[in-house]
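Chain IDs A, B, C and D follow the sequence of writing; residue 1 opens each chain.
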Amino acid sequence: MSSTFGTLFRTTTFGESHGKSVGAIIDGCPARLPLTEADIQPQLSRRRPGQSALTTPRDEEDRVTILSGTENGLTLGTPIGLSVNNRDQRPHDYNEKNAIPRPSHADYTYLMKYGIRASSGGGRSSARETIGRVAAGAIAEKWLKVRFGGVSIVAYVSSVSDLIAPDLADQEITREMVDSTLVRCPDADTAKKMIAAIEQARDEKDSLGGTLTCICRGFPAGLGEPVFDKLEAKLAQAMLSIPAVKGFEIGSGFAGTRMRGSQHNDVFVQKSGRLGTKTNFSGGVQGGISNGEPIVFRIAIKPVATIGQPQATTGLDGTSVILEAKGRHDPCVLPRAIPIVEAMTALVLADAALRQEYRF
Amino acid sequence: MSSTFGTLFRTTTFGESHGKSVGAIIDGCPARLPLTEADIQPQLSRRRPGQSALTTPRDEEDRVTILSGTENGLTLGTPIGLSVNNRDQRPHDYNEKNAIPRPSHADYTYLMKYGIRASSGGGRSSARETIGRVAAGAIAEKWLKVRFGGVSIVAYVSSVSDLIAPDLADQEITREMVDSTLVRCPDADTAKKMIAAIEQARDEKDSLGGTLTCICRGFPAGLGEPVFDKLEAKLAQAMLSIPAVKGFEIGSGFAGTRMRGSQHNDVFVQKSGRLGTKTNFSGGVQGGISNGEPIVFRIAIKPVATIGQPQATTGLDGTSVILEAKGRHDPCVLPRAIPIVEAMTALVLADAALRQEYRF
Amino acid sequence: MSSTFGTLFRTTTFGESHGKSVGAIIDGCPARLPLTEADIQPQLSRRRPGQSALTTPRDEEDRVTILSGTENGLTLGTPIGLSVNNRDQRPHDYNEKNAIPRPSHADYTYLMKYGIRASSGGGRSSARETIGRVAAGAIAEKWLKVRFGGVSIVAYVSSVSDLIAPDLADQEITREMVDSTLVRCPDADTAKKMIAAIEQARDEKDSLGGTLTCICRGFPAGLGEPVFDKLEAKLAQAMLSIPAVKGFEIGSGFAGTRMRGSQHNDVFVQKSGRLGTKTNFSGGVQGGISNGEPIVFRIAIKPVATIGQPQATTGLDGTSVILEAKGRHDPCVLPRAIPIVEAMTALVLADAALRQEYRF
Amino acid sequence: MSSTFGTLFRTTTFGESHGKSVGAIIDGCPARLPLTEADIQPQLSRRRPGQSALTTPRDEEDRVTILSGTENGLTLGTPIGLSVNNRDQRPHDYNEKNAIPRPSHADYTYLMKYGIRASSGGGRSSARETIGRVAAGAIAEKWLKVRFGGVSIVAYVSSVSDLIAPDLADQEITREMVDSTLVRCPDADTAKKMIAAIEQARDEKDSLGGTLTCICRGFPAGLGEPVFDKLEAKLAQAMLSIPAVKGFEIGSGFAGTRMRGSQHNDVFVQKSGRLGTKTNFSGGVQGGISNGEPIVFRIAIKPVATIGQPQATTGLDGTSVILEAKGRHDPCVLPRAIPIVEAMTALVLADAALRQEYRF
């Protein structure tokens, strides 16, 4: 188990669905940062289920408490303990599914690794594990904003199934624009179609995947730690550590492989007070270091594994079984994944900024 | 700068184009592993340029020397020092290009980060940096084979520009099959077209990108360290740390986002002596832990930034310039990237295997 | 701030005197270890103040709660969250002392480092910080006992001021024997004198230091990670990280520097079923690796800095002041330090055991 | 095996007596530091044997080569590779001693840990392992001097057996003063007696231990990373990782345990432009953070285990044997240990300085 992320801005998370609480310790957050629970709660609230008809109806309140590390609204430089109670544990809800490993869940692999079966099946593969990340990320983001002024990190749903939003990289998307539609796609027309598709999948007891795009503006040039902790490498690790993420691409990504070097190269142009690039196929990084352009990346999220339809699968004892999930399930987790993606991005950027070596 | 990879099987690399040598220290390789230079050299030779008309003609010999850590052909458990001399340094070759930052190279970002300009421009973003990785990866691979019997790690070129090889995931591709074509695509027909496309790009002083697919067989179930060092997260970090890589996807990846849960779920079936999955959209991992199925992932490599065509760009002083690279350049690095991808994969898998916690 | 200890058995602590709680996350504890709060509470209770007339009278209950990582009394392999509430915060108690930095406390250095003054003065230099360590250590110790059978870790007070207990290295001291005297020195005669000396120091509003000896039996040979994480090096780091510790010596330690090699060398003898040493001047380690003999080390603890006597010192503004601490204070922290020393020792040994590399 | 030290200024060493070379990679050294081999060689030369009649006569040249990381005499910010050839390997010299584990060497423990016997017996417990540390430390020291102006790190022999130098903490000892006597004790009278004692031990085929004192001046207040990487904790780890070191004490150390708090507390006084302390029983650190006073610590070094006298011991097969070392041996390693202690100190201080968190 590896539950710590970061070298200087270090987040260690704990908790699964059925314990007393979930949370995190943030160690290495600089002192004198103004910080209260009110800085953390909004992203937690964006993450929690039960926000709309599109998501799972369980109403988890997810109220965060700062246990240590601040006094009079300022960080002390000491570890910040964060905790969110597990109020609605309902361990019996999952019992039937536990009897046999659920397809494309982590029940089987956790059992193979740890030799024990948690009542939730997949232990820390539960979505509740991400609460600690979101809380920690909110602190990292606060620090980035205080440290660098205009840093912004905004993710949005760029596709659901085969419904693809138009390219919005040129617009300055805000979180308000993202939250203006239920599906968190800032393009209203596409959002409408996405919502219809999700509702249809829900009615058919099925689930949908899609992609998220994340854009970071205002992060200065010169940050990132080649060669193994290149900015894009840490972003990729951070993203693939989020449940259900199956792909990551930065800048031109996979589409860029079909371009020629003469098209793809980002030639330099003079921008206000700094050297910038005319295009941004690099996605804001070159050689693992930020170049001052927006950092733009996209991730792939698989269709949720928990579906209401019966599935013909095999139990641990080798016998064929029909598995049928009860209750209502989230047919599409993309809208709720947005604050998680933003949080992990903030953790990567804050750590890269703090790791920047002393310059003579 | 972060030049160490791994928690227990730890590789630290050093060296850039213009120093005396490049290499690595491998710390944490178990004792009593049979190991000589002959185990390492083949992958280094696959990596080096000048192997064919398709790659850069510089003939670097890249002969590895083991400096420490073995005796009488066995590892001692102590750090293994590896060194490859830089014989063909030719520092003046790059001078002209250094005067202004080359588009989509790391010249500019290294300068922003370190405040100093190495004669090669981008310091450790040079392809020679990967020699230490390939050498270390060969040792990791040797250990995996001795430890787990049938482990195999094979990467191949699955697309060049818009030329896409048929899906080969069902075949047991070998390195011999991969090396049977100049372009290292095991499908002969596609390979022929790829070679023609690369030759044309070379003649037009341009460059091409593409994708590599990597398949690991025989890696046991139960390995990987959730939540931040999930197997797919470490693979993603490892891949995005390789120069020119812009994307990573595992299993169904981005294409899987257009599937429904009912199609995408990998239901369990009884396989010889173990529980397996009928399909492998998960790509061999669930919840960050291997499930015993082949680990399959794909990476995107951008078209090489160094091209012979003149480029209209801007110098550090803000003046517009035409930049023209001299000499011959590699129009497509994909074939040479294969041993690097295999090496980084081996480093991830060996570390995951060693990190597996004690089980009662 | 660096609040994480260990490579595979990793403890991250949080909390200071005036927040909501203190505690720890233990990441990497193997799965299927039987564990409840009852395994942790005894050492916490041994650590807490108010146990006798010799220690500070504040009655902190220090009741631990497991927040995550176990189910039905077994560890899951996932992070174990631990929390102990701060019930008796009394922030105003320290106000006067905060106006000027207390001599030989960390008030001044924390202010220099973090640029902020916590209401307790020295932030994490508070003794309450050690609660997380003691709780985590109890888990490590439980695992060691289950894993290796007869492992025992026992510390005792071996000197207070110039009152020195006779050498007890040959006896199998138990915790019961240690706790049989108020001062936790298992030699009754010396204990009596120590208690008298401490009571006298208390009456004179002064404080005393001393030494603790720790003996670990049953830890197998071959564990420890040269060269930088040698067993004695990690023990030394662990001990010097405890508040008020100013020295560490293993085996013959400083006294051994006055011996000759011919006296000091531990020659080998045949012991029941294994090779042992006739003497144990090495203290159970050679070259950073355990040799199967008892691991024996001693630490120096300075006299408590908080004293009731007035002290002539200087304020941050450079003016001379007389500082006088109010309330009652602990005249000698050695008895309470014992579970902390045992805990840090257990963390070092458990990590060394888990880090042992795979052996063919 | 753990061969990396440091969090941001990271040194990874490699090599044992019988390989091709020994050396290190320094990763994280800031860019633009003026650096050539001439900055490193002096400390290596102070470390090497054969410097006087007091030390072992093997004349190892120990010439260092910078393999990477610098250009035109400036560091690039990239990893600095360092190598020193093993010219005088003489593997057969040790053969007889290898047949049975040498008392108080690491032959036995390395065998227990790694299951293999290196021809030198104790693998990395060889003194040659320290070459990489000394080279790396010279770079750290250079950076500290450039970064903070007047930083100085000077160690000296403060006792040999029961011959103890007078307290020199008040004098500004220089390396020149230290090197002015063969035994590297700056007090001429004591040095004379020490030399006589060492010569006598040599003639009697025996060996002596002793203590080293190290004083660091000019290191600013506010550096160090509580709680687990407190400055004194990292110094203790660093020192106990050096071969033959059995103890560490900082400031008043073990002697301070016999003082009362009223004597031991370092009250504050106004010094030129800053708050200082009247006494320095704390040894320059409080709560794990430097306070601006000299950092003063002392280490215990055991008498060398290799002696010319016959020793009655036991072989791996359990049979009693008489072990007799041939050739000439170093009767006292203290003088040679000085550059190693200075190097490890520099590595600790440079890392602490770089880790200092961003301050608003």
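Please note the rule applied: a contact is a pair of C-beta atoms (placed from the backbone, for glycine too) under 8 Å apart; a residue touches a chain by one contact, two chains touch by 3 or more.
This is a predicted model, so every value here is computed, not measured.
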Chain pair showing more contacts of the two, B-C and A-C: A-C
Most distant chain from chain D by Cα centroid: A
Centroid spacing, where centroids are CA-atom means, of chain A and chain B in whole angstrom: 26
Distance between chain centroids, defined by C-alpha means - chain B, chain C (Å): 46
Chain A and chain C, separation of their C-alpha mean positions in angstrom: 39
For chain B, residues contacting two or more additional chains: 1-4, 7, 13, 28, 31-32, 77, 110, 113-115, 123-124, 355, 357, 359-360
Touching residues on chain B, where the partner in the complex is chain C: 7-8, 28, 30-33, 77, 146-147, 353-355, 357-360
Parts of chain C lying in touch with chain A, wherever the complex brings them together: 1-4, 10, 12-16, 18-23, 25, 27-28, 31-32, 65-71, 74, 76-81, 83, 110, 113-116, 118-119, 123-124
In the complex with chain C, residue positions of chain D that touch it: 1-5, 7, 13, 100-101, 103-106, 108-110, 112-115, 122-125, 129, 159, 161-162, 201, 206-211, 221-230, 232-241, 243, 246-254, 256-270, 275, 277, 281-283, 285-292, 300-307, 309, 311-316, 318, 355-357, 359-360
